[in-house]
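The structures come next, written out as C-alpha cells.
Each of the two complexes below includes chain A, the first together with chain B, the second together with chain C.
This part shows the complex of A and B:
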C-alpha cells in the first residue's frame, strides 16, 4: 500500500518512513492496519491553528506476524510534527495496548520516533502519555512483553522517553536517542553553558544509543538497518523480564546505585570510565560488533530491571 | 487552510486492482497522497488541503498534467499538503498511481 523495503539488510531504519519500517520489520505481507488512512481519523485540533493534518495522525497501528508469531505494532512517523503525541495519535496507541489484553499477542512492538507531546493539543497529549504508560503496565502485568524499538530521526523524547522507560525491553541504534528534555529544551531553560544543543557529539554521547546501552537504559544496541531491528525484536521478546514486585525493587535499587556511582560525573565519558571502559573517547566510533564485545564485559548492562 | 477540489473526466480506468495506497508524509516541503479506487472508471477527483494560500492555479495545472499522463480513472485522490513544491507534488502523484497499479 505504501513504500516497500526491498533489502532489509541494507535499508536504513533511520531514513525509512513509519510504514516502510513496519513493512521490513514484520513477516512479508502480514501487516493489517487498524484505523488506516482511509478512515481519516485526523486531529480535531490542528485546523484551529491552520496546520495541516495527517490521515493517520502520525501513528500507524495494526497487527502482523514476526517469525510466524502474532504481534501488535505501533509505528510513529517522526517527520510529521516530530512524531508528537496528539489526541488521536495517543488514543490509537492506548487502544492498541488495551486490545492486547484480549488478543494476547506474543508481544506489542512500539516503533518510537517522537519529540514528545504535540504542544498544539498538549492537554490531550499529556493525558495520552499517562494512559499509554498505564496501559503498558497492564499489558506487562498480563504477561505480554512490550518492546520498544528506537532508531528514528526524532529519537524518543519527552513523554516518549517516559513511555520507553515503562517498556519490557528496548533496542536502540546509534541514531536513536532516549531522554525526556531534549537538547534545545535544556539549552533554552539552562543556557548553552549547561548544554550546547549544537554540539552533536555532546548530544549523542549524553542521550544516544550507546550511552543508554552502557548505563543499562536500553537492552540491545543495533546497527541502523531494518533487519537488525527485526532480529533485536525477536531476541528481546524471548528475554522479557517478569513484571512483579521483585523486578520493581531491583530496578529501584539499581537506580539508587546509579545515582550514587555516577551522580557527580560531568560528562558521559566519565561514567563510561567508571563503568570500566578503558578508552571512553573511542566508544562513539565503535562498530556495533565491537561495542557489543565491550558491553559484554561490563556490569550495569545485564539486568532484569525496568 | 485552503481547500481545493478538482474533478476530471478520464478515458480509461487506472490499470491494476489495488483499492488503496498512500505515499509521502506531511512534513515541510512534502505532502501525503491518499488514493482510493472508489469512483466510476471515467472520473477522477483530487481534493487538497494546503496551509499555503493563493496557489490554486498552480495546483490546477499540476493536477491536470498528472491526469493527462496517468489517466487515473476511478481514483479519489486526497492530499494533505505541507507546503510542497509543484515538482514534488507531481512526483508523489505519479508514485501513488504506480502503487495502485502494482
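This part shows the complex of A and C:
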C-alpha cells in the first residue's frame, strides 16, 4: 500500500492507509510525525497473546498545515488490530490532545478508523477513551476545534463512537459507519432476528454516513475521496460550536426531540420519510452531490448542538 | 452494598433520591448544602432514553449554579445493545451524558463516581469514567467485556485467559484491575460512613487527569503516562 497520494481527487479515503490519508489531507510535505515508527513505541501486551505488533501501534500522530494553518492530526490504521485502542495507541492520542492546549493549533483533526477497545488491552483502552474524551472537552473549552473525519474500513465503533460524539464537528462518507455496538456484537448478544449482521444494506442504512448526516449525527456528508475530506475539514474548522452550557442544552433538546420524532421508527427509511424524503429507498444510491441537494431541501438537519 | 444502604450511609438524615426504571436521580443534604445524585441501579443497560434522562438531571444542576457536587452511583449493564438504540444514534446520547458530566465538573460542580455493582463498556465510559474522581466499593465488578466474550473474540481458550488474567491486570475484568490501570482512584470502606469518605475524595480530587500516572504507579498501565508525556514534549507546530 502506497503511503503517498498522487491524485487526491481520485484517491479513495476508504482504501488508503492512515499515512496516505494524512499525506493527501495536509498541505504537501507539511506533515511532521511525533513518535514515529522509528521510535518503536509498541504494545507491551500483545506478545502475551502471541500477536504481532506495529511500530506505531496503529496510530499515526503529528503536526502539519491545512491551507497554511497549523493543525495537529491523529490517524488510526484500521488494518492493524481493527484500529483498536490499546495502551500505546490511546496514550498517543491523549498526549496529542494535551499538547494542543499549549500549542493552540487551528484545529485537532482525528481520522477515525476503529472498532473500539482492543480487547487484549481492554482496561487500558477503556481508560484511554475516557482520558481522550476529557482531553477533547478541555481542548474545545480552550477554543480549539476538534474535528472528526470518518470514512475508514473499521468505521467508528465502540468507544470510537463515543469519542466521535465528543468532537466539535464530524465529516462522514458513505463507508464511515458510526455506532456503539457493532452489528456482530448485537447479533452475538441478542440474536440475528434483532440484527442480521450479514445484511449489509441494513448495516449501511442504520449506521452509515448518510443516515448519520440525515439525523444530525454528523455535520457533513462527503464523497469517498481524500480531496473531499480535506475540503470538509477546512469548512468545518470555521464552524465549531463552543463547549459550554448553551451548546449542551441545545444538544439535550436536539436529542430529546429526536426521541419524540423518531423513537417509534423501526427502520432508517421510516425516519427519512418523516424527515420529508420523498423516496427513501433511493437514498443509499445517491451521489454526494445529489444527497447534498436532498439535504438542502429538508427541514433543518444542521445544528450547532454538539 | 445496595443502593439503599449507600444512600442511608451517605444521608443519615434522609434524602430525596428516587429510582425509576433503574435510573437514579435526586439529592440529599451534604456539608450544609446538597449532594446531587444520578446513577443506574439494578444492572440496567443504558440506552438512548436513559442517557438523555441522566444528562438532563446533570444539566439541571449546572443551570442552578452554585457548587453542588454530583455523585454518579453505578450498578449497570453495558450499553443497551439493540438495533433501535443504534438507529437513533446511541453514540451521541452516551457522549452527550459524558460531556454534561465533564462540563459540570469544569463549571465548579465536583463530580465523583461510585461503582457499587457491575458496569461495562459504553455505559461505564458515559457515566463513572466521565467523573473527576472514581471510587469503587468492595464487590463491584467493572469491566470492558467478560472473559467468555473475550475468549470468543480473541479465539483463545477460556482456561488460558483465566490463567493469564491472574497476572495481567491490563485486560481482565474486575475492580482490582481497574484500580491498577488508574481508572478507579480509590476503594471505599463500607464499614465506615460514606459521607466523610466522599468529602475526602472531593477535597483530594486531582486538578488534572492523573489516571495515567496512577496506572504507572500501580503497574496496571506501565507505559501510557510516559508515552503521553513524550508526545507533549515532542509536539510542535510546523
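By our rule, the second predicted complex is superposed on the first by the 303 of 306 C-alpha atoms of A that agree within 3 Å, B and C clash if a C-alpha of one lies under 4 Å from a C-alpha of the other, contacts with A are read in each partner's own complex, and residues count from 1 in each chain.
Heads up, the rule we're going with is that a residue touches a chain if its C-beta (ideal position, glycine included) is under 8 Å from a C-beta of that chain, and two chains touch if they have at least 3 such contacts.
This one's a predicted model, so the numbers in the text were calculated from it and none came from an experiment.
**Student:** Is A:180 touching the first partner chain B, the second partner chain C, both, or neither of them?
**Tutor:** A:180 contacts chain C only, not chain B.
**Student:** Tell me the contact category for A:80 with respect to chain B and chain C: first, second, both or neither.
**Tutor:** It touches chain B, and chain C stays clear.
**Student:** More residues of chain A are touched by which chain, chain B or chain C?
**Tutor:** Ranking chain B and chain C by residues of chain A touched puts C first.
**Student:** Of the partners chain B and chain C, which touch A:47 in the superposed model: first, second, both, neither?
**Tutor:** The first partner, chain B, only.
**Student:** Where does A:159 make contact in the superposed view: on chain B (first), on chain C (second), on both, or on neither?
**Tutor:** A:159 contacts chain C only, not chain B.
**Student:** Of the two partner chains, chain B (first) and chain C (second), which one does A:17 touch, if any: first, second, both, or neither?
**Tutor:** A:17 sits against chain B, while chain C stays out of touch.
**Student:** Just to be sure I follow: which residues of chain A are touched by chain B in one complex and then by chain C in the other one?
**Tutor:** The overlap between the chain B and chain C interfaces on chain A is empty, containing no residue.
**Student:** Please output the residues of chain A touching chain B within their complex, sorted ascending.
**Tutor:** Answer in residue numbers: 1-3, 17, 19, 36-38, 47, 50-55, 77, 79-81.
**Student:** Given the complex with chain A, which residues does chain C contribute to the contact?
**Tutor:** Residues 48-49, 52, 55-56, 59, 62-63, 79, 81-96, 98-100, 102-103, 106-107, 121-122, 124-126, 129-130, 143-145, 149-150, 152-154, 156, 164, 168-172, 177-178, 180-183, 209, 211-212, 215, 220-232, 234-238 of chain C touch chain A in their complex.
**Student:** Which bits of chain B are touching chain A when the two form their complex?
**Tutor:** 1, 18, 20-23, 25-27, 30, 32, 34, 36, 49-51, 78, 80-82, 99
**Student:** Under the stated contact criterion, what part of chain A meets chain C in this complex?
**Tutor:** These residues of chain A touch chain C: 30-32, 34-35, 41, 44-45, 48-49, 61, 63-65, 70, 72, 87-88, 90-92, 94-96, 98-99, 102-103, 105, 117, 119-131, 133-135, 137, 141, 156, 158-159, 161-166, 178-181, 185-186, 188-190, 194-195, 206-207, 211-212, 215-217, 243-245, 248-249, 251-252, 255-256, 258-259, 262-263, 265-268, 271, 306.
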